[in-house]
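In what comes next, subunit A is part of two complexes: it sits with subunit B in the first one and with subunit C in the second one.
Let's look at the complex of A and B:
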């Protein structure tokens, strides 16, 4: 039975949807390409400015026209709006998901209708999708659908994902076999380090240096200690160096996008 | 136990890496980030009016043209994976590379298949591809079915991409974006069909797998240098120079702190706990925030 709360919720959803479509159509009518681009630049800047201000303003900062934060030791005046804006992003993503579903249905539908090679896989896609959607939506109301959902998710989907993941074990072996070729001094060094690190992971490898004392300077030569040193000192330094470069590269790209300096057709500027 | 050994023992036990919990910018972070932004923006605007700076050759990016040419000669399609990220800067950078590859593909009438994992980037990807073909004057070659939303689940996406690679027998495979455990699955699938593979990711944990399985791998900041390398736009080149100056600034800070830590260690018998707490307090200090313990 439709309660007042449910009716209000759906009314607001429909009204919001209609208002959104109307606003987009209005913008499409009254703006041309250059004003649309300008509008996108302004909206991008404002969006980025919000997150920048939320990050740089110290906790407890109040802005006169906004309510004070609930926890001034942790949040500033803009912090409560983070979740609201995050929800808006989720709504947009929800609409986009429909596009993805449409694309899947189009491609697989075409396979079935055209009886192309492997069309039975496309049929399996539709059957699985319909069963999953129905059982997922109504499993709360019907025990049989809850059981079906469990079979599909825990009995089928999760083991399938685990199976694909387990293929990695063989792929790592074949890739390592191809890649670990000692053609130079650096390759020999890498092979030696890889050997030490791999052997330190297994009891049989640790047995190789078990005879060394556990204390004293000689303990540093035990294979697990050498492996730990390689991973925490040498490897970590290199990883952090790469991370610095990535971080600054990300900062630069973010700046370019925020200030609309980026080039590319999807930014409205041809490269 | 001698004093120095005791100090070293305390050093090993007491000093550990501590993750700074920063939800808002502290004063030090604000100054540092502000400095980096000023440097990057300054170099961007300076590059607009000046001479194009030199960029060293990046083999992975130089191989993009070669890969497209290989696919064209073999008459087989290419595959371009944007990784598992959503509409973030990593994926946007991958889209920039896709735009370049797509324009080459349009020029040589070679098909490029782009499986996507996030429905939000699906329309963006379609637009990038369509615009690339239109820019090359070959809009009729664009096939919207070549942009496929597979799944937003990691291994379902990986399975789908493996299937596409195997069925289409792609000649070239491009893996650009955020990758996780499925990286080696995709790379090995491409290797099994004999595809030439170029990978680029800022995901440091996946770089070893790509290096082992792909022909060319773009790592670290080379990933974000792709736009500058491929387009030679002054904005991108200036940004790259700004990034390099930023790294020099960070290096100077690291050397300064290493020196300070070394001096402290020598003058305090190797006991670093107080030094570490002072450094953390410095980096986390915010104006107006209560002092520790209040």
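Let's look at the complex of A and C:
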């Protein structure tokens, strides 16, 4: 039975959808390429500015036109809007799922209709998707669909997904035999470190130095201790340096994206 | 010339088949028969175990499952070990994920162990389900959990569950553990540990583990389960501390034995490959 709350909710959804489409159509009619780009730059900047200000403004800061925060010891005037904007982005993300689905259906639909090479794989895509969606959505209501869901998810999807990555083990093993050649001193050093770390990960490797005492200076020569030293001293120092570089690079990149200075496939080729 | 190339390709194919058969055969053998080999628990796993033991019971631990069946072999036993520990130690926890499949798999694990250990959904654990990985969601989660998550994985309001009473923000989280094959732990360290001091644990696949050592050294991570080895270490600690029988869908110790022989095989093949290379190299030099 349609309650008032449900009716109001669906009414708002439909109205919002129609208003959104109308707005997009209007923008498409009244703007040209450079106006659209200017609009995107402004919206991107405002979006980033909101989060920057929310982060840097001290707790208790009020902005005249916004209500005061409920907890001034923790929040500023912009903080109450975080959850709302979070919900908006979740809805937008939901649309991106739909867009991805539409894209896949278009590509595979064309393969089937055009009888292109491998069209039967595209047919399998549709069959699998429809079966999974129907069984997943209605498994609570029908026992047969619950059984089908179990077959598809636990019987097919999980083992197939695990198997795809499991074949890497075989490729790594043959690559180790064919490609790992000690042609220089550095390669020998790397191979020695790899040997220690690899064998220290497994009980059979730990057995190599199990005869050494667990305490005293000799304990430092146990393979798991040497491996731990390699990981926590040498490896850690190098990776910390890499992390600093990534952090600074990420900051620079974020600034460029926020200020719409970035060019490329997703950032508009217009100058 | 063409015959030489054909012969080389055929030889490579033969070698590959022998190596694949050897690897598969040895791993199957060691998975079927359990060996009790000496095993030492590392400080990283012990750190996470002791943190979970000391968690307050009026706060919620957050188990973030960002893995899919591709990393089943490592992340499934890690998740199973952590969930069993939360149940045995009586620590309330929530299952959440920014990967669509992880929370579903985690919920199935939790349901199975809850039935065995007499635990109840909504009282001992809750599954928030999947949310997209976006900064507004993360910030919302830090600030207002009920307002951001709102409903559990089946669309039921979180307010109806006793476990969610008093849980408002990240300050009400006792621990975050990220079980993942990717580097998502940096998000929780940055936005939760850095902002409000929530302890963070990490359970990555073995290949991602080295990247976590800077965070372990700086105490931004309380502990780490590195791959299947970490899961096996955690299982050993659970065995040591709890009398209840532990059950495993994929026993980590048995998997460790299989990985042991795989590592030994890889090292042996590297040594063999280099021996053949140097022998051939010396023969060519002698001939020239």
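The rule is short, and it goes like this: the second predicted complex is superposed on the first by the 232 of 271 C-alpha atoms of A that agree within 3 Å, B and C clash if a C-alpha of one lies under 4 Å from a C-alpha of the other, contacts with A are read in each partner's own complex, and residues count from 1 in each chain.
Going forward, a contact is a pair of C-beta atoms (placed from the backbone, for glycine too) under 8 Å apart; a residue touches a chain by one contact, two chains touch by 3 or more.
Computed from a predicted model, the values in this text were never measured in an experiment.
S.K.: First (subunit B), second (subunit C), both or neither: which does A:239 touch?
M.R.: It touches subunit B and subunit C both.
S.K.: Name the contact category of A:8: first (subunit B only), second (subunit C only), both, or neither.
M.R.: The answer is neither, since A:8 touches no partner chain.
S.K.: Should A:251 be classified as contacting the first partner (subunit B), the second (subunit C), both, or neither?
M.R.: first
S.K.: For A:261, decide between first (touching subunit B), second (touching subunit C), both and neither.
M.R.: first
S.K.: Answer with first, second, both or neither: which of subunit B and subunit C does A:83 touch in the superposed model?
M.R.: A:83 sits against subunit C, while subunit B stays out of touch.
S.K.: In the superposed arrangement, does A:210 touch subunit B (first), subunit C (second), both or neither?
M.R.: Touch partner of A:210: subunit C, not subunit B.
S.K.: With both complexes overlaid on chain A, does A:59 touch subunit B (first), subunit C (second), both or neither?
M.R.: A:59: touches subunit B, not subunit C.
S.K.: Who does A:107 touch here: subunit B (first), subunit C (second), both, or neither?
M.R.: The answer is first: A:107 touches subunit B but not subunit C.
S.K.: Taking the superposition on A as described, I'd like to know which of subunit B and subunit C A:35 touches: first, second, both or neither.
M.R.: neither
S.K.: For subunit A, which residues lie in the overlap of the subunit B contacts and the subunit C contacts?
M.R.: 54, 93, 160-161, 164-165, 172, 174, 176, 178, 239, 243
S.K.: Please name which positions on subunit A make contact with subunit B in the complex.
M.R.: Counting only subunit A, the residues touching subunit B are 54-60, 73-74, 76, 92-93, 96-101, 103-104, 106-107, 110, 118, 160-161, 164-165, 167-168, 171-172, 174-176, 178-179, 239, 242-246, 248-257, 259, 261-266, 270-271.
S.K.: Which residues, counting only subunit B, touch subunit A once they are in their complex?
M.R.: Touching subunit A from subunit B are residues 23-25, 30, 33, 36-37, 40-41, 44, 86, 89-90, 92-93, 95-96, 99, 116, 118-120, 122-124, 127-128, 131-132, 135, 145, 147-150, 152-156, 158-159, 167, 181-182, 184-185, 187-188, 191, 202, 204, 207, 209, 211-213, 219-221, 223-225, 227, 231, 233, 235-236, 239-240, 242-243, 246-247, 250, 286-290.
S.K.: What residues on subunit A touch subunit C, complex-wise?
M.R.: 51, 54, 75, 79, 82-83, 85-90, 93, 153, 157-162, 164-166, 169-170, 172-174, 176-178, 180-182, 191, 195, 198-199, 201-207, 210, 224, 228, 231-232, 235-236, 239-240, 243
S.K.: Mind pulling up the subunit C residues that touch subunit A in the complex?
M.R.: Listed in rising order, the residues of subunit C that touch subunit A are 12, 15-16, 19-20, 23-24, 37-40, 42-43, 68-73, 104-105, 131-132, 134-137, 139-141, 143-144, 147-148, 206, 210-211, 213-214, 216-217, 227, 229, 256-257, 259-267, 269-270, 272-274, 277.
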